[in-house]
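Two complexes, one shared chain (chain A), two partners (chain B, chain C).
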Partner chain A sequence: MRYAYFPGCSAASTGISFTLSASYVAKRIGLELVEMPDWCCCGTSAALVTSRDLAHALPARSLALAEQAGLDLDVVTPCAGCFSSLKRTVHYARQSDKNRHRLEEIIELPYAATADVMSLLEVMARPEAMEPLAAAITKSLNGLRVASYYGCALVRPQEVTCFDDPEDPQSMDSLMELAGAEPVRWAFKTECCGASHQISEPHGARRLIARVFENAAANGAEAIAVACPLCMLNLDMREAGINESRAVPFDIPVFYFTELLGLAMGGSARRLGIDRHFWPTGKAVRKALAPPPEPSPDNHSTSELPQEVTVA
Partner chain B sequence: MSRIGVFICHCGSNIGATVDVPKVVEAARTLPHVVYADDNKYTCSDPGQQSIRDAIEEHDLDRIVIASCSPRMHELTFRKMLHQTRINPYLLEIANIREQCSWVHKDIEAGTAKAIDLVRMAAAKIDRDTPLYTTTIPVNKRALVIGGGIAGMQAALDIADAGYPVTLVEKEPSLGGKMVMLDKTFPTMDCSACICTPKMAEVGTHPRIEVRTCAEVEKVAGYVGNFEVTIREAPKHVDYELCTGCGLCESKCPTKITSEFDQGLGKRKAIYKPFAQAVPSKPTIDAAHCRKINEGKCGVCEKLCPTGAIRFDDEEKRSTETYGAIIVAIGYQLIDWADLYGEYGGRVASPNVITGLQFERLVNASGPTEGHIQRPSDGTEPKSVVIVKCVGSRDPHKGKAYCSRACCMYGAKHAHQYLDKVPDGRCYVFYMDVRTPGKGYDEFYMNTQRDGAVYLRGRVSKIYEQGGKLVCLGEDTLAGATVQVEADLVVLETAMVPADDADRLGSMLGVTRDKDLWLSEAHPKLRPVETNSGGVYLAGTCQGPKDIPDTVAQASAAAMKVCILFSKDELESNAMIAGSDVGLCNGCGACVAICPYQAVTLEEVTRRENSVMVTRTVSNVNPGLCQGCGACTVACKPGAMDLKGFSDEQIMREVEALCL
Partner chain C sequence: MSFYNLSSTSSGDLAAIAQITRDAGVNLDDCYQCGKCSAGCPLSDEMDLYPRKVIRMLQLGQVSAVLKSRAPWVCATCMTCTARCPQQIDIDSLMLSVRHAAKRAGLRPVREADIFDDLFMAGVRRYGKSNEALLAARFNLSSGHLFQDVLNAPKMAKRGMIGPSLHKVKDRAAMRRLFGRALRTTEGEKGDGI
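So, the complex of A and B:
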């Protein structure tokens, strides 16, 4: 498993925990990520509202440079926003030679659009990754009730993303199950987190976060797993603020799915970046890693608290 | 040497506006063998036809070309005209200079040039036309109706009342179809069962109608007037000759199964009548669930039956009979929304998200709740109901692009019924448009709004359970706002889609299916109940979504067509059919494989070839079955197969006239 890697702007900043945990997991399952040369901003929603050409040209430039460097690999990106931008560009370029030539003209580089773009979630949910994952997972997460939150960009529009069910996706749920967590059946898997409206339209957008927590709580979730740095930021950073106006506050920590996989592989909270979260994760991590309360003779669980667990 | 007459039609300004007709006439006069050419304002009119007849006499014409509208429009008209002359009706070619020329072009010069090309091709082709003659085939005056819903029953009754015997085949244990599941019918709110069950009884007792339930059509051979149909009857495990329908067996049967008739909301026994007024009013054993049949234990029904009618060893029956005409009335089914709408909960949706047909059973006095509207999850009365229209219809992205036609009224009826039974309840209807064409329909919809139903224009984007309620997220596009409605019960008005059997039956009968698998009528306007297969007619929703009045009207129309067919003792066969040249045929069988009507067979012939008697396998066309589609002529490698009126020779002359 070898992929070209498009980190995106959040990888070394707001999404550092995603990077830490993803590389921890990748190393243990033989997933090699080769960073693309001189990659630039994917354009995100800002480029899309500015100019359609710009929104396609920015990802095309990064993809074309990888081609030029002889990086004959499919592209993987951890960020759902980058995934959406890159995937949209490949889709556009493959629609017609006219489209592709237009991009080549703008970026002044040849671009063949041969490489596919995948999200990190899609790559990890593939059978060739699930197998080594199953082998590398040494601890069960003790049936921690995890609500998998895919957000809007990973599965939609389906004609472009070609990944999982757009209304009731299952890939992250099966990864959580593999790690010994109990996937929560809930209704808000693909609802919007408010994205950047949380900054520009905070009043209306906060409600979008609140209802995600509401539905997760109503369905008994003890944690939420995400696969997008912006979902993470919006949920994790703003949970405290949302609780200020609630009689009964939420207490649901938010994890990158790779963090939970890493925990199940025996990784420490510090190593995986879990100690960098805003909302305390201690209770959920303790439940996930606690030895079964009354071990019976036929229970083969080997859960033990790892030596280096540090809890935020 | 042929003597061709060419007649160019202006069709008012339909052709005249884009084609310079006098110029086409001029050009036609210069074509080989054309001895006369003229134009006419309306060729199909009486004076138009008379002028052709006069020209035939005056100029001793022996074949004619008419350049006008599509042959689908008036070829038959002009053939009938030729019947009154000495020219064979098949020595006629139509050059379509309207639909395929004047209507689709704007430039007069180019339009005229194309019209001249089309006329030149037709004149070249008709030079090689030969007279064709029809033969007669006998008509077997028995009708087969497939499907015992309201359409099939109406058609069977009409044909039987006209004096012809009918066999009605129904795959379920009872007649009635979907209509008998409905509680009330819009817009008059008369009880569906009250108007449907008398028809069922009438069908069941009619001296000229033979009803076969639990039966399916397995094989159809033959052609109009002479269909050989094999009907398979599943074992009922009850001897209907002995059974009196007392119901003792059903009351004591220990096995309870989800009722199909109650749409999964109620229970039935393993020996059962689907509903109280079933016709025939006798039970059948569901072999898949019967303990005696599966485990060898029980047999209570057999012990109790006062007439000894139970037959656990009953077997499937097959019979082959001859019919002159077939009416297909296999109806519809509802789209499986759960696979398409994950946002409404999909396969793991709340039990309180139900379909319109399930609501019908809930609100029906003989339904599982005796007409009390209750939530399937806990049996409580819902205080707020959301009705979602266009689920699976008018939604090409998820379901079907077409409008399902009956659901606007169906939804309004459900809202009305709910508000009638739960006066303090609230009812919200999400809609895209309200389409209520029909007598008394819009008035009904207005009344429903006056009843208090809140109509919200927009689709529902999500339905999920939270806090014991079904939260419906949607949009009110008139207010320009998103809305959230908390409901106790959600009713989805789902799209009608073709019955499972439509594809299989369609290909067996040679009836084409449209892109959504609805069975296709022969002409969308002028032949709405006929199909492209002679002697096969359509009734009801198998042809497309419709409500009960339209279904009944179409069923009577189909019955009328059958009666017209049966009013003759013999039929004129199609003259333009395929024929094989035995001398050229090498018996490869490509024609047999490609024929959609099973009209071509291989047979052995012994004949003299090069002074020697030889026996060879060659193809043979059944003139009753052949519909003249021409597929075999293209598949035939040695060029033995020719379509009369469209021979390879004629087509080549046409191509030469265009290209050389």
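So, the complex of A and C:
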């Protein structure tokens, strides 16, 4: 498994834990990621609200530079926002030669749109990755109840993303199940986290986050798994603030799906970036990594914790 | 119940609506006002016009009220409306085109959204990559929300999520040229589809 890799702007900053955990898992399962040369910002929704040409041209430049460098590989990106921008551009370029030439003119580079774009979640949920994943998973996550949160950009619009069900996707749930977690059935898998509106219009957008936590809590989730650095930041960093106005506070840690896979492979919380979270993860990690109960009838010694795990 | 003076609609209004729908790749006649877009919209309670009503008013030629509406600026482009529309209308795309038209007309009904997205793009034009801490700081200064999220900044720095160095592309001149050409291309010569 070898892919061109588009890290996205958050990979070395707010999404650092995604990068740490994804590269850990990738290495363990033989997934080779070759960083694209001089890639630029995908533009995300800010480019889209500015100009459609700009929103297509920014990803096209990165994709064309990879072609020019002879990187004849499909593209994988961990960030759901980058995935959406890149995938939309490939879709647009393949619709007609007129579209492709229009982009070539703007980016001053030839662009054949030969490479496909996939999210890291999609790549890891493919059979060729699931097999080595199953082999590398040495610990069961002990039935930790995980609500898989996909957000918007991975699943909509389906004719562009070509990935999973837009209302009830299953790929992340399957990965969580593979790691020994118990997937939670819940209604907010593909609801919006508010994206950048959490900065530009926090008054109206905060309740979007609260609703996600509320539905996860109502369905007994002990953790939420995400596949997008902005979903992560909006949920994890803002949970404490949301709790300030609540009589009964939420207590649900948020993990990148790659962090939970990494834990199940024996990776340490520090190595996977879990120690960088805002909301405490200790309780969920302890449950996930507790040794399985002895198959004896006299069974009350399951609370011993693995010593090497230090978490926030 | 609202009342609209339909006799005030001019041919200029109809031309403006035709341009919006052409840019969006949408046929307004496809909408029979079921309201599914508005029922599923996570931000509809922040909108002065529900998505359904944006379409209805455009059907009725009421373009100036739509251009002044907060709705397209409150829209987070989550695409739930488009995914659920029984008529396959790309409502998300229509919202974008209304916002583009409003911006061209010098309107910005939600000041903060306009400031944020302009600053985001200015940063990408300059550096080729988005630098989140710089963007947040510039947003606070420009919007006047000086202390928003400032308590999170030291926590993010401690976690290695933000730092003093700026992420940049190597070929920064290429970014400036790309922006110049992308934003210079005129309306009416759009490519196929969206």
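Keep in mind that, in the parts below, the second predicted complex is superposed on the first by the 297 of 312 C-alpha atoms of A that agree within 3 Å, B and C clash if a C-alpha of one lies under 4 Å from a C-alpha of the other, contacts with A are read in each partner's own complex, and residues count from 1 in each chain.
By our rule, contacts are C-beta pairs under 8 Å (C-beta built on N, C-alpha and C of every residue); 3 or more make two chains touch, one makes a residue touch a chain.
Remember, predicted model here, so these are calculated numbers, not experimental data.
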- Message: With both complexes overlaid on chain A, does A:Ser200 touch chain B (first), chain C (second), both or neither?
- Response: second
- Answer with first, second, both or neither: which of chain B and chain C does A:Ala136 touch in the superposed model? neither
- Touching A:Pro166 in the superposition: chain B (first), chain C (second), both, neither? both
- chain B versus chain C as contact partner of A:Met1, first or second or both or neither: neither
- Kindly classify A:Leu73 by the partners it touches after superposition: chain B alone (first), chain C alone (second), both, or neither? neither
- Item | Partner touching more residues of chain A, whether chain B or chain C | C
- Message: For A:Arg185, using the defined touch cut-off, is the partner it touches chain B, chain C, both, or neither? Pick first, second, both or neither.
- Response: first
- Query: Thinking of the overlay built on chain A, is A:Asn215 touched by chain B (first), by chain C (second), by both, or by neither?
  - Reply: first
- Message: Just checking: does A:Val34 make contact with chain B only, chain C only, both, or neither of them? Give me first, second, both or neither.
- Response: neither
- Message: Please report the chain A residues shared by its interface with chain B and its interface with chain C.
- Response: 166-167, 191
- For the chain C and chain A complex, residues of the former touching the latter: 23, 42-43, 45-46, 74, 76-80, 82-83, 90, 92, 96, 99-100, 110, 112-113, 115-118, 120-121, 124, 128-133, 136, 139, 148-149, 152, 155-156, 159-163, 167, 169-171, 174-175, 177-179, 181-183, 185, 190-194
- Message: Residue numbers of chain B touching chain A in their complex, please.
- Response: 341-343, 345-346, 348, 462, 464-467
- Query: chain C touches which residues of chain A in the complex?
  - Reply: 9-10, 12-14, 16, 38-41, 43-54, 57-58, 61, 92, 95-96, 98-99, 102, 105-108, 152, 156-158, 166-167, 190-192, 194-197, 199-202, 204-205, 208, 211, 237, 276, 278
- Listed in rising order, the residues of chain A that touch chain B in the complex are 165-168, 185-188, 191, 214-215, 218
